[in-house]
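Both complexes shown next keep chain A, but they swap its partner, so chain B is in the first and chain C is in the second.
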Partner chain A sequence: MAKVFIYPTNSLILYDLVERFGHEPLAMMGRVHEKITTPGIDSPPININPEDPKYGLKYAAVEVPSGVRGRLAMAGPLIEKAEAAIIVNDSAISFGCMGCARTNEMVKYMARQKDIPILELEYPNTEEEGKEFVYKIADFLKSLPGAKENNREGENE
Partner chain B sequence: MPENNTDNNNHQDTITKLVVIDSDWVLPSDAAMKIYESETEVTVKETCFGLMVNGPTEAVNRAVEDVVSMDRNHIFVKQRGFPPGDERRCRAVRGGGPRPGYYFLREEVNMLPTIGKALDDYDKGVSVKETKKSKKLKTSKLKDIIESNVEE
Partner chain C sequence: MSRDEDVEDKVTIALIACGPEYSGVQSEIESAVESLNAKLVYPEMDVSELDTIGRDFGLEVASADLKLLMARAKAIVEGRAKVDAVFVASCFRCAEGALVRNEVRRYIHQNTSIPVISYSFTERTTASTLLTRLEALTTVARRRHLLAREKQKGLTAGIDSGSTTTKAVVMRDNQVIGHGWVPTIKVIESAEEAYKKALDEAGVNREDIQAIGTTGYGRFLVGKKYDAQLSQEEITVNSKGAVYLANKQKGSATVIDIGGMDNKAITVEDGIPGMFSMGGVCAGASGRFLEMTAKRLGVDITELGSLAVKGIENNIEMNSYCIVFGIQSLVNSLAKGASPEDVAAAACYSVIEQIFEQQLQEVDIREPVILVGGSSLIDGIPRTLEKFLKVEVIVPPDSQYIGAVGASMLSSGYIKEE
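Up next, the complex of A and B:
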């Protein structure tokens, strides 16, 4: 079972597809869960605490804005663990709650720098594009080694 | 930042999964009933888009698997970082308004019928045609269009 990093990091569709085809998705929700359940300093309602930008120095220089470093402190460990990655570009949803353009560029750069299989796609807008999107992801995930035997794929045939 | 220490932390064994239902014949209430019937030790919260299932990891995975088996290609699952009712996310204590992260979910829910249909076709082995993605309009081209209209 390969650990697959997904971008956008909190995507429902990508998380579901990776799990469906028998691999382990590395997503932001897992990191948030880990963060809020691990004893330590917490600053509700803010997710990032003053320690995070310091931890983010591992991934970006000190002159990089603390917001970017704080976000990298969340996404960086996921990329470190990744054995494969699926990156979906140009999605409207990367503008919004995860809409820090510089962090997004940095996250994609870090994933590309790793010597792992990467699938890069454009976000689909039509039915035909959606179909191609799913087929490409399914073929990519099937090409990865160690898919879990009792995965959810194809059981309703 | 402290790293994950799963073995020594009971909280880590409790997870929350978000079940988003985009099925023609399964409603969130049907899915919730399915979990009640299975007598799994989980907390289920029914929502407008599906369910939130919270509890021990194994029990949650089992309950979610039961729900997904009702319509495999049209029920989607992802993990949720916060438990249901967490004060940092729950609208009940924030005086209303949309839940943070809901915009993302709503945007993706629009794509789910297409994704579900594609999964059906993938299972049936239907081949896919390579689609040509329309390119964005270049500013120089836009300028030409504007100028040609002005001249008329």
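Up next, the complex of A and C:
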């Protein structure tokens, strides 16, 4: 089983695919769950408090806006743990989104800087491209150590 | 905040923002709004609008949350979302966010009569920082009838408990008949001293005062002490006071208030604030910088202006707006033989240039421009401002008492008819 970072970081489709092949998806949903279930300062809606953008200084300098640093504080630890990554470029907002273009650029950069297997894809616009998109992801996930040989039949397309 | 605030309906404020939840300040915004008997709402729109909003709005940006911000603004302008006020916010230092924030604020202001303010936050932004701005926003939304008042009636008093000085006036039948101006040391004691001076000059007893209004940083404390009918933030009060004293109550105007520690720039329409920005970015853009310059020159603050109008600012090299390093530049110039007149001119220029660059860009300047606050009395300040804005700057009589006059005038609306 490999820890696979996904981008967009909250893509439910990528999350599902990674899980089906027996790997651990590293996604924003997990981080938000962690934030809202860990006792600490109550700071709704996602319990990011003013300390998080300061933690984000680990990834970006103080002149970088607080919203970028707060987002990086969420995504950065995921990238640090990643053993592989799938990056989908130019996706539709409904596919997954971090809201901030500068954060997106930095998150992708940080993933690319790691010496790990990375699959980069363009977001599909036709049915054919969609199928090809899933096949490529499936092949990539199968190539990672600890992949499930037989995922649930017919559910990977 | 008036005595009857708690029985009023909640004001609905649309929060259209990028990044507050990731900056850890969402709960601070909510807390400030909650304390003002208001509630935040998030205008709904169809998610498909996000694909076309760049073209529809005309500003094509990369960040999805900014697209959402623009789509929500469009829903407000088109009447699909019913709100009383709008708060537009994005991260400080984000260029894309600043462009969208300013254009969205302008778009709402030009296409609706809904009051709107914008703000750029950091992770250090707290509810108390936001309170005055949001209080002004809710006041404009909630009590237009109060702000529509154009004349003072009866015998009323206003106390402006500022960060540097406390001002008080007594007014009777639309005339200022007593003034008091003292440095703020202890909030209550200074208010009492200023109020007593105003009462003495007016020759009236405090028992005869029919209504009191308070404003400024110490407004709640002072308001409680005197059982004031009105304790109101300085943005609405000062803009009302400014157009009243300048006799520009009808039509558009811009009020610029350079205070002891922060500044306000407010666009006003028929005496009601529209867009406004409230500074506090740096002491170098406040009256404090001028005070320190006067002290260094060994002159009274009241003499600085007359020196400045005789000087040439370009003769002084200033490398910083900072109150520490800027003053250091002035001191170095004096050591090299610069004239006090040039130094005074450079100080005025530095303050105004910083206000122009960092604050006046956030509002649309509309004539007449009315300059108020203690710094307006320093002659070099309005003259320098005129150079930057290329318009005539009006300094009304009693401009330093602007908050007290506004509070006194507005409080007269609470006088019960006999």
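Everything that follows uses one rule, which is that the second predicted complex is superposed on the first by the 140 of 157 C-alpha atoms of A that agree within 3 Å, B and C clash if a C-alpha of one lies under 4 Å from a C-alpha of the other, contacts with A are read in each partner's own complex, and residues count from 1 in each chain.
Here is the rule we use: a residue touches a chain if its C-beta (ideal position, glycine included) is under 8 Å from a C-beta of that chain, and two chains touch if they have at least 3 such contacts.
Note that this is a predicted model, so its numbers are computed, not measured.
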Between chain B and chain C, positioned on chain A by superposition, is the outcome a clash or a fit? fit
Return first, second, both or neither, reflecting whether A:Ser143 touches chain B, chain C, both chains, or no partner chain. neither
Given the touch rule stated above, what does A:Glu51 touch, chain B (first), chain C (second), both, or neither? both
Chain B or chain C: which reaches more residues on chain A? B
Would you sort A:Asn10 into first (chain B), second (chain C), both or neither based on which partner it touches? first
Once the structures are superposed on A, label A:Gly67 by its partner contacts, choosing first (chain B), second (chain C), both or neither. second
For A:Asn89, is the partner it touches chain B (first), chain C (second), both, or none of the two (neither)? neither
For the combined overlay, can you note the least CA distance between chain B and chain C, rounded to whole Å? 5
Chain A residues where the chain B and chain C footprints coincide 44-45, 51-52, 92-93, 97-98
Using the touch definition up top, name the residues of chain A that touch chain B in the complex. 8, 10-13, 15-17, 19-20, 27-40, 44-45, 47, 51-52, 55, 73, 92-93, 96-98, 122, 124, 126-135, 138, 152-157
Touching chain C in the complex, chain A uses residues 42-46, 48-54, 63-71, 74, 92-94, 97-102
Chain C - residues contacting chain A, complex: 18-27, 30, 47, 50-51, 61-65, 67-68, 90-94, 96-97, 121-124
Residues of chain B touching chain A in the complex: 1-5, 9, 11-12, 14-16, 18, 20, 65, 68-69, 72-73, 76-82, 86-88, 100-101, 103-105, 107-109, 111-112, 114-115, 117-119, 121-124, 128-131, 133
